[in-house]
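Take this structure, written in structure tokens, and hold onto it; I'll ask about it next.
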Amino acid sequence: MSVRDIENELNQLAMSEAAQPLLEKVKRHVLEHCEPAYIEYERLGEGRPERFQYAPGQLEIIEDLKAKAKAEGLWNFFLPDAETGEGLSNLDYAYIAFELGKNPLASQSLNCAAPDTGNMEVLERVGTPAQKERWLKPLLNGEIRSAFAMTEPDVASSDARNISTRAVLQNGEWVISGEKYFISGAGDPRCKVMIVMARTSPDAETFRQQSQILVPMDAPGVEIVGPMRVFGHDDAPRGHMQIRFHDVRVPEENILWGEGRGFEISQLRLGPGRIHHCMRSIGAAEKALDLMIHRGLTREAFGKKIIDLGKNMETISRARIEIDAMRLMVLKAARAMDVLGNKEARIWVSKIKAMVPERCAKIIDDAMQVHGATGLSHWSPLSEMYIMQRLLRFADGPDEVHHFVVARAERQAFEASADRMQAARAETRGGMLFGGP
Amino acid sequence: MSVRDIENELNQLAMSEAAQPLLEKVKRHVLEHCEPAYIEYERLGEGRPERFQYAPGQLEIIEDLKAKAKAEGLWNFFLPDAETGEGLSNLDYAYIAFELGKNPLASQSLNCAAPDTGNMEVLERVGTPAQKERWLKPLLNGEIRSAFAMTEPDVASSDARNISTRAVLQNGEWVISGEKYFISGAGDPRCKVMIVMARTSPDAETFRQQSQILVPMDAPGVEIVGPMRVFGHDDAPRGHMQIRFHDVRVPEENILWGEGRGFEISQLRLGPGRIHHCMRSIGAAEKALDLMIHRGLTREAFGKKIIDLGKNMETISRARIEIDAMRLMVLKAARAMDVLGNKEARIWVSKIKAMVPERCAKIIDDAMQVHGATGLSHWSPLSEMYIMQRLLRFADGPDEVHHFVVARAERQAFEASADRMQAARAETRGGMLFGGP
Amino acid sequence: MSVRDIENELNQLAMSEAAQPLLEKVKRHVLEHCEPAYIEYERLGEGRPERFQYAPGQLEIIEDLKAKAKAEGLWNFFLPDAETGEGLSNLDYAYIAFELGKNPLASQSLNCAAPDTGNMEVLERVGTPAQKERWLKPLLNGEIRSAFAMTEPDVASSDARNISTRAVLQNGEWVISGEKYFISGAGDPRCKVMIVMARTSPDAETFRQQSQILVPMDAPGVEIVGPMRVFGHDDAPRGHMQIRFHDVRVPEENILWGEGRGFEISQLRLGPGRIHHCMRSIGAAEKALDLMIHRGLTREAFGKKIIDLGKNMETISRARIEIDAMRLMVLKAARAMDVLGNKEARIWVSKIKAMVPERCAKIIDDAMQVHGATGLSHWSPLSEMYIMQRLLRFADGPDEVHHFVVARAERQAFEASADRMQAARAETRGGMLFGGP
Amino acid sequence: MSVRDIENELNQLAMSEAAQPLLEKVKRHVLEHCEPAYIEYERLGEGRPERFQYAPGQLEIIEDLKAKAKAEGLWNFFLPDAETGEGLSNLDYAYIAFELGKNPLASQSLNCAAPDTGNMEVLERVGTPAQKERWLKPLLNGEIRSAFAMTEPDVASSDARNISTRAVLQNGEWVISGEKYFISGAGDPRCKVMIVMARTSPDAETFRQQSQILVPMDAPGVEIVGPMRVFGHDDAPRGHMQIRFHDVRVPEENILWGEGRGFEISQLRLGPGRIHHCMRSIGAAEKALDLMIHRGLTREAFGKKIIDLGKNMETISRARIEIDAMRLMVLKAARAMDVLGNKEARIWVSKIKAMVPERCAKIIDDAMQVHGATGLSHWSPLSEMYIMQRLLRFADGPDEVHHFVVARAERQAFEASADRMQAARAETRGGMLFGGP
């Protein structure tokens, strides 16, 4: 395709006719089922003695939501071009994921929650039949959950080449040793397996040293040290866990796609994972905007509704504009993944990954400011929403790395375009000409 | 249409097949003809004795560009659904206008320059046959130019009800007295007519007091006091002029659409006018980005290319992302005008009017910073580009007014949506529930 | 004093000779005693079963620090012009409080922690001999702690006139009913008394309706509902508590300074309280800067120290400059309190209260970004530091209220200054003159 | 001095008793003489045929202001520790320079205008008796003006080592060839001499290659090409000139302080020059604040004074706070120059140079926004004030270079401080301890 044709393809951002009824169903599901369920779920979880167990009744709430969603055909939307035929295009899914971002239980209730989505995608794309049977099937059915173990505490995680967890092949088994942290969901009792990124081939060229290996959570030697508390928040019972691997042994066939293909698999999963996060982030920002307006309309100070004080109306406008702009950008990135494939779309993914969490965090922060101290507290969902967005500025690469990717691509595109270079030179030369003697 | 259907219509942002070849032609026209022409045009204009006359050769350059454009069929794109059938949809035109924003002569060369575009649109929509014959025809042919006289120095122009220039009907003539300023293009010797907003009916209800009247530039009593200099820049020979009306008399039939319809006409013209400005602004920002990269790649300090110093790569990424986001927003606003009509699309127009000039100014300012002092000077086009964007933060309404329009609409939409209010209440109530006893 | 003389007085910002040795002692105390003590204190507190009890050993650590401080003469610095003669000037204390802000146990170890400081100041200034004997004495000795109960959940706390907790005099007792929240330190087992703001006189003029009343924590009817969790953080065992008053009865003589003087007392306490917070905030920002540099120097990515990547050096410079500027502003506000008294200095206090927490939060956020995800977690003190600064943007009045106070004062000063008005008019008139005809 | 003693010295920011009456006199001089004089001066300059000549009457206005100032003893304040004894300390002068920043003629009227001040300081410090007699004396008397030619168009001026203008010694004469631009004041007919930075010793070590040489403006071979127009503004009749040196010959003894000492001299002059700019910048920002309040109070829109709309009050507060903070920072930098000398104070100078112009530009931009389009035009002084501040972000080093200087110093100070490193390590280790196993 020519550049022009690509641009035209990428700007076709409407939802497909086929998917539109699904969107309506999802909206009703979130509003009518997830909203009240979440309040009850949180109430039950208060003060449970074991932080990393579900309180009685909590899992029932989740299972009930899942059953309702499944019955409506709202299930496994995240996986485009799946053999099973269940998934939507990235573009269609984006519309739905926005809605899921408005409620903390919504994604899970449709079996569309991270990091299962990425794990399922990887298994579907590169898993062996046996791996699919053992892990993909129960994941697709929502019977188990999973984790993805990449980030490490002792190295700068922004540079994936630094990963130092070792896996050595001994007698038909991978022996894994090392430490990971911020392993989201690994505290969930339902989490049965994780995909572990480990250095298997230290002598290979840089990007062929890492592999990804399936490790059951109950494998001997897996020590879950405890949760990383983000702003003091343990995110129990799922958690962002610190995990140590003490000579953990798994069968040789637990490797995914073959030795040294860890980076390749990462490329596969990170695009969709990042884009899903951004979709949901915008839903969260939209929710924050509603909470901000609601608070502004229902409180008074100095004889006026708070919404009418100072800069608050402008804050609302700026949030609205920012959300609309981010939404279009994410739709376009999703469309790029559909049209160009995950690899070619990676610059679009970096654009939204660098843009969305930072700005959503800002919108949520503004909403907190309108709420007063209550907005920071557990009486409001805003602070948890903020924490999530703040954390996303690091998850799957810090903002800075994505900005670098975008800038490098832009620079290369400039250097590759005779037209752009000529026009830039012309202006400068022109200036020199008429500014000079 | 349902809300869902509207959303889907509005997100169909691809250029039509029919218009795509035009876009390619425009790009070549700008790059190959306008870029070198502008350098020569500026050189000729340097040091001309009469600031508000064209220097010898300048008009020839413009006419040559117009002839070339016309020969290629690049003409009068701005007017959708015109009787003459020449115009493009707003969406298609947006793609083209982006390109026009990259060069100061480009819009004019396609007869798509403000304020003629708005004046032509008004004349086409509400003009009498006689008005069309006398003024619209030569404007569409690019034979004359025109101005629009609304803003006044003595009142806050953000609130259009304040306009105080008077027009009184005496003996079949409108007698106009008052003062206007920032009347763009009124210094151009080719400018032959202006549309003047004046209070004709002080006793009518608020939004029926103003009318719009055609006033030839050479009507007795029209005094062009001189140019408003913006950051010291007189924008000669077109200028943003200060004009006094000393009992200027024009025939009764010079009124447009009838007495008291001034605000209605404004609604008609302001939407397209604002959106055209924003389209071109993004073209300017894109040009600034190219200049920034070019400078960064061709200068060195402290042993490195400037582009590789400090935050410059991140600045480039942020500019790229911001431009892409603004572009999608403007495309959507254009699409909204096509689908919903100018009136219904006005919130979208306010969104981009509040968003685009402020951010384009920021991008251009960043580009200046990368250039060093040269970037502020006449050796670079950046400072004029900056001035234009800074001025656009007031033209057709200051940012603050547009933010207010957006926020008010958002607030009303929230109050009108039972779903949004319920979800916002649920969260708060939920919080209170599990936070409380 | 003339305006000029005041300016000169206020700019004498050096620490007094007498206090300088104290500053050195405090620095050593914080570095050598508080730093290692805090690490141990936190370790002991991990996983304690009762969140609002101290873990074994924790209080011993605090008492040991207090003993060490007292032995060095580092005690009760916060109270200028005290009868007991212990306090320092606000200016001298500011220098010391900066240091205390670097460690979470430091203020307490010198008996200079909020809200005891404000409560002691109030008792010292307006308490009866009996009130002093019962409450001030043990507070000054560090034997008990205290709370201040003002903020309420159901009204906009930014407008203190809204306070609705009622206190009715019945048979020589105040009967208090209502609800408060964000009552810092009320969870501490050592907290024995709180000062409660309550509406005693609903029929008096607006600013004479409130009174402040001493309420022992163990008074029947005081229900501590639980902690407000700020970003999920319960700040145990001290906490920001939600408290209900169910017809709590205290003797009539527990009122402070007389009925209807609640606002007057607030004026007394809020100035110093706000300034102390700001002093410590800057210490925290300084600490964050050190942590940012340390991290930047000790981690590598993409072949460079992180400090040398992208905008990080500029981030450090901006933090340094911002801290220095805030520090001078707080010194000047402290000096203003010394020279002008708390009431006259209130604009200065509002200036720093609006300025300091917002910017310190930004610096800490930047430090977190340099740390990667670790910086958000409990492995780093940064997120707790951030939470504190974010909360301070509401404590003792939200930023917006303080900005309004500053702007109103500025506006009034402008209107009161013939010189300022003349010069402003001259410029405008001048412009009109030479810009006009 | 110990660090502690230095800190105390540097925080003694009050004006000396001796200088206080001068400050009052300067305020009256600016308000009563400069303000009306400037309006008349501008009026006379409008439309003068030769841009780089003074219009009839303009120089008389300036000379009259100078005479008035001299008669009051307001003269040559800028030069501390001068042999002539005229100068004030940097700290005392800072107070006065703030006032001078409020009016464009004020500095010149006291013979305290750049770049004469820097040139006089250099001549006073390192000039030979003959150089002093010929150039310093008439400069100190205000009989002539001067320029400083350093910046060059073809190299990144942020890195002074790049300077490429050559000076070769031939037969007892320096023969200078090269090109300079942004040479402020070189268009003034009264400008008689410039100090030219040139590479005399290309084979010496890096920082000994440059020298500074006195060049009379009328030396053969000096070609003033024309003014650099900043945002289109030519700053006539003084101008920021582009100058070519075509084998310009001056006597060998015109060198300052000896061959290869160009960088040393720069160190000498740049500190004071930068600090003077910053002092005046704050005066300009203060003036902008007054204009913003004045406009806000005297215009209405939507039924309210503009000052009471939206975020305007907060904008005023933020400007007030920012100005106060900058003022204290500049006072401290001035004090640092007095106490530590120009060299040791250079970090303080970089701090304010990186801080002040950027923030003053922001304040002025905010003031323009409150003014509407008028604020951008020649009817208001704001746009010229903005241009000046924007240009200052490059003059004497771009912001980025100063931020780098500050960050590097901070980093070195951290590495040199065992205490800071220990505390930073303790926190991190502490975190690891209680977060880890």
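Labels for the chains are A, B, C and D, by order of writing; each one numbers its residues from 1.
Here, a contact is a pair of C-beta atoms (placed from the backbone, for glycine too) under 8 Å apart; a residue touches a chain by one contact, two chains touch by 3 or more.
Per UniProt, the chains are A, B, C, D = Acyl-CoA dehydrogenase.
None of these values were measured; they are calculated from a predicted model.
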Practice item. Show which chains lie in contact with chain C and also with chain D. Key: A, B
Review point. Stepping chain to touching chain, what's the minimum from chain A to chain C?
Key: 1
Exercise for review: State the chain with the largest centre-to-centre distance from chain B, centres being mean CA positions.
Suggested key: C
Study note, to complete from the structure: Taking each chain's centre as the mean of its CA atoms, chain A sits from chain B at a distance in Å of 39
Exercise for review: Could you put a whole-Å number on the gap between the CA centroids of chain A and chain D?
Suggested key: 50
Check your understanding: Which whole number of Å gives the spacing of the CA centres of chain B and chain D?
Key -> 38
Review point. What positions in chain A touch 2 or more of the other chains?
Key: 228, 310, 313-314, 377-379, 400, 403-404, 435-436
Study note, to complete from the structure: Interface with chain B, chain C side, in the complex: residues 225, 228, 242, 310-311, 313-314, 435-437
Point to revise | Residues of chain C defined as touching chain D within the complex | key: 4, 7-9, 11-15, 20, 23-24, 27, 31, 35-36, 38-39, 42-43, 46, 102, 287, 289-291, 293-295, 297, 307, 313-314, 316-318, 320-321, 324-326, 328-329, 331-332, 351, 354-355, 377-381, 400, 402-408, 410-411, 414-415, 419-436
Study note, to complete from the structure: Residue set of chain D touching chain B in the complex reads 151, 153, 156-159, 162, 181-182, 228-233, 299-302, 306, 309-310, 368-369, 372-374, 376-379, 383-384, 386-387, 390-391, 393-395, 398-400, 403-404
